[in-house]
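All chains are identified by letter, namely A, B, C and D, in their written order; residue positions are counted from 1 within each chain.
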Amino acid sequence: MTVEFSTQIRVYIEDTDAGGIVYYVNYLKYLERARTEFMRSLGIERAALSDQGWMFVVSNLSLQYRHPARLDDCLEATVRTAGVGGATIDFIQTVRLDHTTLVEGQVQIACVDRHSGRPRRLNMSIRNPLTSLLREGEIV
Amino acid sequence: MTVEFSTQIRVYIEDTDAGGIVYYVNYLKYLERARTEFMRSLGIERAALSDQGWMFVVSNLSLQYRHPARLDDCLEATVRTAGVGGATIDFIQTVRLDHTTLVEGQVQIACVDRHSGRPRRLNMSIRNPLTSLLREGEIV
Amino acid sequence: MTVEFSTQIRVYIEDTDAGGIVYYVNYLKYLERARTEFMRSLGIERAALSDQGWMFVVSNLSLQYRHPARLDDCLEATVRTAGVGGATIDFIQTVRLDHTTLVEGQVQIACVDRHSGRPRRLNMSIRNPLTSLLREGEIV
Amino acid sequence: MTVEFSTQIRVYIEDTDAGGIVYYVNYLKYLERARTEFMRSLGIERAALSDQGWMFVVSNLSLQYRHPARLDDCLEATVRTAGVGGATIDFIQTVRLDHTTLVEGQVQIACVDRHSGRPRRLNMSIRNPLTSLLREGEIV
């Protein structure tokens, strides 16, 4: 598994619900922002929606909610690459506040053709930096 | 001005914020659902995003917030056509709870080319039912 | 497992993303609307946020995304109760278009104290109708 | 009018719609993030929802949409204080991409009692920094 990438997320009123906490659905947005910034850090721009006819979609997700976040909290959303398949990438992700893990889980994304929706083999410009990271992770 | 079209909206937890009320941004979604259902009632499907190369975008909006809605409220979102221009339509809209107006305002939408973003003359299949309604409104 | 409850969901432009499909995060809102309407059908109002000092939070979720939904689709979101614990309820849920399952998964909600966030034993007015349904399901 | 405060906003897939552009409702979130960061820059924390029994709600808004933003754009959301009333604050705001104004408008927020919803006179800790800024703006 690769080293962890992380990005800061500020909680705004838009993110909360009438329970006075972050609406649980919105953590998925935080996790996606972290994946997008992680991809950008590898030189992969427009990963959500390529100009070259493919896009990434989430194919599987599994999340455990441990503690709630609140308005104005400054959170950390993290990403680790757990595996790279032919057309899929598996991530292990968390949302943390200071040293407490609020949410953790696994997200699998799949590369699909934008028109047919069919799985499409990962482009080398995406596969290469991710598998390099995975190999470095093994050595460490 | 035409007669009023209205649609029911249930408030779910997704719509609220930590103030314990509907997040003010979400009324815009309610107003758009009402416009979409109004269009559908006129036989205009896929009004938000036509297959024929055009789409509607909001070009102007002006809203007054009078009273808050809360979780589980069953609201009414209304639409009246106030005018039809070459490439634009003006609506007067409200969100109500029982006989109380919570939010009211004006929304202007513009028909634009999906690729260039340039204004595009309203299709007759949209203009005709709307102007018929406007003429009926004048008589009443 | 109990019989299935289902509710209709219309896809609006607010639900879509630049990939031209429903933004995957928004299915979680559809699933929650279905749970809320299911609770309401059992006479449990304000299940998301009780006036009596407790609320439900999602503690675990696991979803598989099979096919995308699109603008204007009229979907069905379903709920089955899979189990009732001391402070938790397990649901099996789907989002379908006609006879195709687009999304399926499991959602666990937990009853917690609104102030302390600690687990709180399910109120009998919630436990009783759910366990009755579970027993009926076994017989069928 | 005071000098301009601005904050950077990255466009993520969560912000877009099937038209391939930022969903117009989401600019309101960007404008609010800018107001929140502006307040924070004045030492006003938790402006959206005070612990002291009041909160800010939007009472009026008026927006003009000029050009769309797209996925991955790095936008600037700006705030200027246009006036401070007994219980209200008027802001002039924009969303810009490079030197192009995409959205501009006016937002009025009102301080209300969290329980009664009634207008509540602005606290001095909020009024003072804002009126100081207004006076500086006049001199400039």
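Methods note: a contact is a pair of C-beta atoms (placed from the backbone, for glycine too) under 8 Å apart; a residue touches a chain by one contact, two chains touch by 3 or more.
Worth saying up front: this structure is predicted, and the values here are computed from it rather than measured.
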| item | value |
| --- | --- |
| Interface residue identity across copies chain B, chain D - same or different by half | same |
| Angle (degrees, nearest 5) of the CA superposition of chain A onto chain D | 180 |
| From chain A, the most remote chain by mean C-alpha position | B |
| Comparison of A-C and B-C (more C-beta pairs in contact) | A-C |
| Distance between the centres, which are taken as Cα means, of chain C and chain B, whole angstrom | 29 |
| Computed distance of Cα centres, chain C from chain A, in Å | 24 |
| Where chain C touches two or more other chains at once, by residue number | 13-14, 18-21, 25, 29, 32, 48-49, 71 |
| Topology of the chain contact graph, where touching chains are joined (line, ring, star, complete, other) | complete |
| Residue ranges of chain C touching chain D (in the complex, touch as defined) | 13-14, 16-21, 23, 25, 70-71 |
| For the chain C and chain B complex, residues of the former touching the latter | 10, 12-14, 29, 32-33, 36, 45-46, 48-49, 71-72 |
| Chain C contact footprint on chain A (complex, rising order) | 18-21, 24-25, 28-29, 32, 48-49, 55, 57-65, 67-68, 114, 117 |
